[in-house]
Amino acid sequence: MEFAHINEHLDEQMMMIQANIDDMNPEQCSYVMDLLFEKGANDVCWIPIIMKKGRPGLQLQVLTDQSLLPALETIIFRETTTLGLRYIPATVHRLARDFVKVDTVWGEMTVKTGYHKGDLVQYAPEFKECEQVAKLHNIPLKQVYDEVRHQFVTLHK
Amino acid sequence: MEFAHINEHLDEQMMMIQANIDDMNPEQCSYVMDLLFEKGANDVCWIPIIMKKGRPGLQLQVLTDQSLLPALETIIFRETTTLGLRYIPATVHRLARDFVKVDTVWGEMTVKTGYHKGDLVQYAPEFKECEQVAKLHNIPLKQVYDEVRHQFVTLHK
Amino acid sequence: MEFAHINEHLDEQMMMIQANIDDMNPEQCSYVMDLLFEKGANDVCWIPIIMKKGRPGLQLQVLTDQSLLPALETIIFRETTTLGLRYIPATVHRLARDFVKVDTVWGEMTVKTGYHKGDLVQYAPEFKECEQVAKLHNIPLKQVYDEVRHQFVTLHK
Amino acid sequence: MEFAHINEHLDEQMMMIQANIDDMNPEQCSYVMDLLFEKGANDVCWIPIIMKKGRPGLQLQVLTDQSLLPALETIIFRETTTLGLRYIPATVHRLARDFVKVDTVWGEMTVKTGYHKGDLVQYAPEFKECEQVAKLHNIPLKQVYDEVRHQFVTLHK
Amino acid sequence: MEFAHINEHLDEQMMMIQANIDDMNPEQCSYVMDLLFEKGANDVCWIPIIMKKGRPGLQLQVLTDQSLLPALETIIFRETTTLGLRYIPATVHRLARDFVKVDTVWGEMTVKTGYHKGDLVQYAPEFKECEQVAKLHNIPLKQVYDEVRHQFVTLHK
Amino acid sequence: MEFAHINEHLDEQMMMIQANIDDMNPEQCSYVMDLLFEKGANDVCWIPIIMKKGRPGLQLQVLTDQSLLPALETIIFRETTTLGLRYIPATVHRLARDFVKVDTVWGEMTVKTGYHKGDLVQYAPEFKECEQVAKLHNIPLKQVYDEVRHQFVTLHK
């Protein structure tokens, strides 16, 4: 699910799949989302919407490489209650990305970085690592997150 | 469901009922809402929320006189999937309200008015009448709605 | 508005229309939605959004065959307050669909079915029939809905 | 986190805590929610809202026994960015609840039941068990969920 | 930012940019929106969504002429925390638009009008002018807004 | 609107006002919000909801000291379209708060701090100052915001 170092680039063979669903147990939404990510979807989200007759529904949005379209469609048809879905070709612009190791009082931690035209524009601590440290040391998660960013700025920027 | 003329007043024996629901077919939401209004609820709404494990859920909010609490609770337990609900005492401040008849090119139509400390603060065309006129004459609904307001302002304000 | 039996297929001449609206009386939203469905829109929804200057607005989304684009646009311009709309070509993937009759204690009821690559993936009781039975017999709607599904599984699966 | 058999009852010493937050990394929301549930909160949800200057924010709602108020407040202050929170006394009405075992083709599974004035009004398969079966047997989750309900209705109702 | 008189037309070289963001301080959303409008974006909105692991996120949508794509992308990468974005070609249908001056008790005020196939379909008071009058004269904003519409209908329709 | 140094405390004479509104031009929502803050409301937000007949509406929530209730109610009745509102007594728990000056490359900047039981739990750069610096120096806002936090942590924590 993670990426190695990549350069900034465009993916022009992407698809945005959408389905509007108003008759599905919403308890199952995160399960469907997980399956879609496992199969290789690039991005998945649910959006609260208002459907026919004023029913509160959810729009499923899945961003994927075109090659995965059939596999992801099958998941959507099997796991949701929709009778149809639509898709739209899309181009994805991805930043150059890398991982940087940062020394902290809790040991080495990882920061995901993003570069646009060679400039560092994003640096985000690996969320799972921060959660683990926060739980282990009983420290507020936001404090761990901030400290990793602080160290990254101090050491690498 | 409609009110006759009333004076501005406080209802101090009101209750706000809430239930967070993440495992109910949302197709059934408007049906539940209709039942609650029929039984005498003053206000009902559904709010999109995010529940345990990130599940998209809905919060049901029902405003009611305390005397109706048992009857409305029974509807909620029978018609939704919730295992519990909570309620909070509330005071309701209602404007003085009246209905005014207005002559329009489509005949006499009704405007609901609201007064705060004797000042006219609200005037809203009866929505159903506007819909009927819009359909009958094939006119945009917003045009009918605006025209009724326009006539009210011209004649009564 | 209902479909007869159809096979699983793609509709490649579809359009997704969108308009972001922040100055319209939301009371009129369901009326507009109904008009769009009557004219032949395949799907319509409203999405809560945040617009310019932090205003709470609504995004109208309409999925339609390209041939209906002019007629639906005229409805949107006449019935909403938007000064513009955008549209995007889309492909719609529809399941094979059929209706199955199911015997229940309340008489014969209908189940809408969906098939993906020949496999039954959806079976949904006709919502209006369930509502009618629930009202007539004073039974919770969810119970009627579940019972029709239960009978379908018992008899047809 | 689970309950044994209990009777229908009111909890009159409950509190609803709320905080509106517009300057917190939303990635951390589920972590905070988990901590609050672990400490004993009865219900937690996040609601998308629009705050000062049109900023998209989130309202945190926590339902809790009054005795836990100080502990949960400390979590909220440590883990979110809020400078204040409010709370409102609430009464919670809980259904009688029980667990029923149901035989299925995948082995014994659990259904959580709810009773209002002695009538069965809720029966919901244990979600985690359904997920495990769906994953293990590569069956759509909704099918497992439906089958457990189907067996419950066949055998116990 | 304002338009002079234009005829109803299609802009076929438009792009819809989208990014789903779950790790950004939402306090900064309106700032980003303002920058995008200043650079020439036609429409910008934020939509509450539910992202990976059930996190409450926001989808940024930007409608723009294709020629501005690189400049707007740079703003998005610099000012938000996203590592990627996607874009989809779109056609925009714009009404003929004009400004009409209307005499009111507060002086001359402006109404923005929209025409579809030659028919007046929209007339909206300039919002900023209404705000200024409301503040200056301590009158409810809705009353100013209604009065300008009322005068427009009386004089120009 | 700003506070000087205060100690952590409870305000027990607060009120939460709510109104559900489905027939108001949402363009006016931020204006109403600003008026309520100017009059002394402690917190104001708008929440997207689904109202009677499935209409997309907005719930206004205003937190205020009880002494301001009449003044804020008058604003709500004058500026929105509601015919009623409800209110609920609430207790507000406020952190001890202070302002700290921090030296940065852009000059002295302010950080708002919050203390719970004597522990520093919040430190947030003054948003307006960050915006001004970001605009003046053409630097991403998030970078300014992060740098002020970074300096605060380096110097004061």
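Letters A, B, C, D, E and F mark the chains as written, and numbering starts fresh at 1 in each.
By definition in this document, a residue touches a chain if its C-beta (ideal position, glycine included) is under 8 Å from a C-beta of that chain, and two chains touch if they have at least 3 such contacts.
Because the structure is predicted, anything quoted here is derived from the model rather than measured.
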What chains, if any, are shared contacts of chain A and chain B?
C, D, E, F
Most widely separated chain from chain B, with each centre as the mean of CA atoms:
A
Tell me which of B-C and D-F has more C-beta pairs in contact.
D-F
Could you tell me the distance, in whole angstrom, between the mean C-alpha positions of chain C and chain F?
39
So what's the Cα centroid distance for chain C and chain D, whole Å?
30
Among the residues of chain F, pick out those that touch two or more other chains and give their numbers.
23-25, 27, 29-30, 46-48, 50, 53-57, 78, 81, 88, 121, 127, 140
Looking at which chains touch which, would you call it a line, ring, star, complete or other?
complete
Which of the residues in chain E come into contact with chain C in the complex?
14, 16, 29-30, 33, 37, 43-48, 61, 63, 88-95, 97, 112, 114, 116-117, 121-122, 124, 127
Which residues of chain B touch chain C in the complex?
24-25, 27-28, 31-32, 48, 78-81, 127, 131, 134, 140-142, 145
Which residues, counting only chain E, touch chain A once they are in their complex?
20, 23, 47-54, 57, 59, 73-74, 77-78, 81-88
Interfacial residue positions of chain D with respect to chain C in the complex:
48, 50, 53-56, 121, 140, 146-147, 149-150, 153-154
Seen from chain F, its contact residues with chain C in the complex are 22-27, 29-30, 46, 48, 53-58
